[in-house]
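Heads up, the next two complexes both have subunit A, just with different partners, subunit B and then subunit C.
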Partner chain A sequence: MDLYFIVFAIMAVGAGLFTITAKDALPSALGLLTVFIALSALYLHLHAPLIAIFQVSIYAGAILVLVVFVIMLLITPDEDLENVQKNMSYRILGAFLGSYLIAVLAIGTKGVKDLLHQQTLPDGFGHPALIGDMFFKQYLLHFEVASVLLLVALVAAIYLAKKNI
Partner chain B sequence: MNDLNFSFDFFHLWQVIGGQLILIVAGLILILADIAMLKLDEDVRSRRLGWLTVIIFALTAAHMMSREWGLHNIVFMGIFSADKFSIFVSIVMVLSGLLAALMSIGYLQNNDVMKGEYYILMIYAVAGAIGLVQSVDLLMMFITLEVMSLAIYALAAFLKNNRFSQEGALKYFLLGSFGSAFFLFGVAVIYGVTGTINLTKIAQSIAGGLYTNPAILLAFAMLSVGLFFKMAMVPFHMWTPDVYEGSPSVITGFMATAVKAAAFGVFVKLLFVTFTPMLSQSGQPDFQNTINLAALGAYWKPVLWWLALLTMFFGNLIAVSQQNVKRMLAYSSIAHAGYMAVGIIAANGDGRMGVLFYLFSYTLMNLGAFGVIYLIDGKERNAQTLEDYRGLGYKYPALGFLMGLFLVAMAGLPPTAGFIAKFYVFAAAIKEGYFLLAALGVMTSVIGAYYYLRVIYMMYMKDEVRDVVRGPVAMPTVIALVITAIGVIYLGILPEQLANIANAAQQSLSMIF
Partner chain C sequence: MADWQIDLIKVVFIWVWALLIAVVMTWVERRASAMMQDRLGPNRAGPFGLLQPLADGIKLFTKEDIMPEKARKILFLLGPPLFALPAFSAYAVVPFGDKIVLGGKEIILQVSDVNIGFLYVLALGAIGVYGMVIGGWASNSKYSILGGLRATAQLISYEVPMGLALLTIVLLYGTFSLREMVLLQQGTFLGFLPNWGIFKQPLGFIIFLVAAYAEANRVPFDLPECESELVTGYHTEYGSMNLGLYLFGEYVNLGTLAAITVSLFFGGWTLPYVDMSKFLGPVAYGVASFMVFFIKQAFFLFLFVWVRWTVPRFRYDQLMGLGWKALIPLGLVNLFVTALLVQLTI
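Presenting the complex of A and B:
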């Protein structure tokens, strides 16, 4: 147990607790952001820089922005979460999602058995250079065509969203 | 047989996917051209962009056809292939784009939405569709499928102030994303089981013993669902009527032809290269063991048999009760997907040739019909119901004749291309012993004849109740309609040439590497 691990582990658990106990949705989302960042620091510590980068760019970058967008669209500032909680259908849906998550966790425990033995990873596993190598060699065309996809999405979104074009 | 290790070479890239490159670059140029002509009037700008698009499509078709001959190394980096089959389907889609672009020049003016984005999105939709058909790699298939779909979603919503257009596009987007997710899941499972995303390598891997693995069947089912969705096969057709009714008429015609052609092309490629023993006919020692894939036929053939039957029945039966002509043609397009599926079930050379011929002739007749519909409509949703078509045959003889011709072709009556196309697919099915399916299919096409001919009956044998005035007729639309009409009749009388080309195209599938 080194200091680095302890600092970020406490940060992750604390922010996680804050996320589920916060009364307002927006601070809760910011708590989630802190969890993501703390986790990515832990991944770095585990010599998995690639996963750390993904954690920041995909979870903290893309998914959290989406979450904040939805919060801002759906929940008005005066309304607090307690009113939402009174809605019965939300509670039922929440129960379903919760039990689903527990089931996923239960399945996940199967992996514990693998952790008990010493594992050897392939050389250079989880290194960002590997994925860059694949992107610009084997998957170069996929990478380029994905940029065309983004261009199309851009043109379409601008046309549809703008009133007077 | 080029070796399976990939190397990058720009000239080879240009040879194999030159068509896509032209379209992608042209789309960028069109964005700039739109800005450069900002000072001009909207209608002048829109007309120029439209003609530019037509020229670009013509160039693309010319490039792909000319490169295709004398190409001995048809696969690029194990991702794209320029076999005759892909080129044939690509030409169908470019033709569909070309005709749709010609009609759009008039359509956008009639509906007062003269925006350059329309043509840009159309070009990218065709580029994505060509990429989809040309790819021999599941991941690339997914990306290009999305390029095509995103452009089509936006085109479906192009009439921003029309509630039906918005509703249809949103439905299409949500359900379409769902369908694509199925496809992606299938890709993930295939990759998980076989460790590769290249079609021929997957075929080898499955033939090497994995064909007994249920995960392969699951993955194949998921890939198929994603594509059936785009083809509008029952029971994945729910989005079709609303989307086809709400979208701009020309785009509906484009969707019903180009997207269908892309989905059918890629499904045929996926099915016959990866999940049937077709590669074993190529004579390559590497693919000898793919004969084992015949075992999978016991699973997919009955499923596709039922889907084709349901699609033909539902499409035709529900179309009978429709009052809106666009909605009726939407159900008819579902039914046509069923007829094409009959050709796939036959799983022989004739069947694949029939599907290709069907795609080509369906493109001509369907786009022609939607061209006439938009002209009679004037502005979108002005005159789309059956009642509006009463007596139009005498009021506008030329339009009446063309509409009659296209509908007769869709009903499958001689001497039109529709008859020959149906004949080819059913003949192939009968050759393989699917008598019941062929008989039921012909029966459904009789139901189909009822509602197609009802429109003609309305046009010529009823007096008009409401004064319907057609919109202004633009010259490019006339050109497009004349091309489609001549094509429909020509292919109905002299189908051999196209049939021979289609036959050569389907044979090239076994030589994909």
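Presenting the complex of A and C:
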């Protein structure tokens, strides 16, 4: 275990805890921002600079900005979220979603035994060109399925937002 | 000199350079606006009023730091640094010159030549908006919140066309490294034009420039500040050096955007038709390449001022309409045509 990993791992976990315990909505979103940045630093450490940058520019730079936009549109600093937090149905829903995520994580532990023996990185690992190559040759189907999924979401959003198309 | 010493010198140089540009720009802005409006502008402190930024700085530093009673204290103080720091950090990947040979050692005039350089700039530009949002929200004032709200919506809307315009550039050069992009812009295009990005991507350049103005919150897109509606928007409640950091960060941002524009579309430190390295010594060449870059950057910095005092402000719905209905479709068409051309010529 090296120091770099420990520092950013603690930062990510700590900020994650803050995200789910914060009283106000915006500080909670900022906690999530910290998680993203810590994760990005960890990706850098794993020799994946492109993923690290995407983590910042897409998750922190676009998706979270959208979340912050909604928070600022709907909640003023004076308002508190206690009535939302005390609502039992939200809690039950959260418990279900949380246990689902934990289950996914548990499946991920199947790969733990790969971590035990050290592996050498292939040549040019993490280079943008190589990732593009993999996307369009080895994982083309996955890539296209993901883009169709996004397209469906886009069409659905427009359908919901517009009354008469 | 050891490598880390050279790196340290480069980092310090970049900081000082970014700061100097920001300081001088406040003066240029006021003098140029005065010139355009047939006034004199600040001309009392020093020759041509050149010491005016210094006087302003002293004023900002010595003013009382007032915080609204109902503000969120920690977030209120966090806002300005969060806005200014990403702006400074973006300079790290700007190639501000070719290379200089000192004491038999070849030094690249760029703090760090990473192969994702240009995505890094985009990412930091997106992070900068949190400074405005936090400042606006923590102030607990309706003007500030509206300013922050507008900043987020504007950033999301204009990131897309900017990304699309930059994607065409990536398609064209086949790399993310800003240094390699500049090196690929040497020589001539079609036999007589300089081999610059703007001649290969005129539409991409226009889209990028418009989006850059929106990202930097400059007139005609300075809706988050918008004096006539929101007092001064997200930094309404700020005073003293906290306000100074916001104003400063904006000029540093302009410097970065100008530098990126030069590197992507105007050949960076290279001169058209002339290869400076042929007839200049190694040290003189390094300095000359930096000067060329700086002159190009200075032009775009002045363009920011020029546009600000020439064009009126957009209305907010017009701003959104321009982003989503004009720039994004144009960007998509441009991307498609470029991809087709690149595919056909390879």
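One rule holds for everything that comes next: the second predicted complex is superposed on the first by the 108 of 165 C-alpha atoms of A that agree within 3 Å, B and C clash if a C-alpha of one lies under 4 Å from a C-alpha of the other, contacts with A are read in each partner's own complex, and residues count from 1 in each chain.
Note that in this section a residue touches a chain if its C-beta (ideal position, glycine included) is under 8 Å from a C-beta of that chain, and two chains touch if they have at least 3 such contacts.
These figures come from a predicted structure and were not determined experimentally.
Chemist: First (subunit B), second (subunit C), both or neither: which does A:G61 touch?
Modeler: second
Chemist: Classify the contacts of A:L73 with the two partner chains as first (subunit B alone), second (subunit C alone), both, or neither.
Modeler: A:L73 sits against subunit C, while subunit B stays out of touch.
Chemist: Could you let me know whether more residues of subunit A are touched by subunit B or by subunit C?
Modeler: Comparing touch counts on subunit A for subunit B and subunit C gives C.
Chemist: Just to be sure I read the superposition right, which of the two partners does A:P128 touch: subunit B = first, subunit C = second, or both, or neither?
Modeler: second
Chemist: Determine, under the contact definition given at the top, whether A:I53 touches first (subunit B), second (subunit C), both, or neither.
Modeler: Once the two structures are laid over each other on A, A:I53 reaches subunit C alone.
Chemist: Just checking: does A:L44 make contact with subunit B only, subunit C only, both, or neither of them? Give me first, second, both or neither.
Modeler: neither
Chemist: Is A:P27 in contact with subunit B, with subunit C, with both, or with neither (first, second, both, neither)?
Modeler: In the superposed model, A:P27 contacts subunit C only, not subunit B.
Chemist: Once chain A of both complexes is superposed, is A:A9 in touch with subunit B (first), subunit C (second), both, or neither?
Modeler: Neither partner.
Chemist: For subunit A, which residues belong to both interfaces, subunit B and subunit C?
Modeler: After superposing on chain A, no subunit A residue contacts both subunit B and subunit C.
Chemist: Which residues, counting only subunit C, touch subunit A once they are in their complex?
Modeler: 70, 72, 75, 114-116, 119-120, 122-123, 125-127, 129-130, 133-134, 136-138, 140, 145, 148-149, 152-153, 155-156, 159, 176
Chemist: Which part of subunit A faces subunit B closely enough to touch in the complex?
Modeler: Subunit A residues touching subunit B: 138-142, 145-146, 148-149, 151-153, 155-156, 158-160, 165.
Chemist: Mind pulling up the subunit A residues that touch subunit C in the complex?
Modeler: For this pair, the touching residues of subunit A are 24, 26-27, 30, 33, 49-50, 53-54, 56-57, 60-62, 65-66, 68-69, 72-73, 76-78, 127-128.
Chemist: Under the touch definition given earlier, write down the residues of subunit B that touch subunit A in their complex.
Modeler: 6, 8, 24, 27, 31, 77, 79-80, 115, 117, 120-121, 124, 127-128, 131, 137, 139-140, 143-144, 146-147, 150-151, 153-154, 157-158, 160
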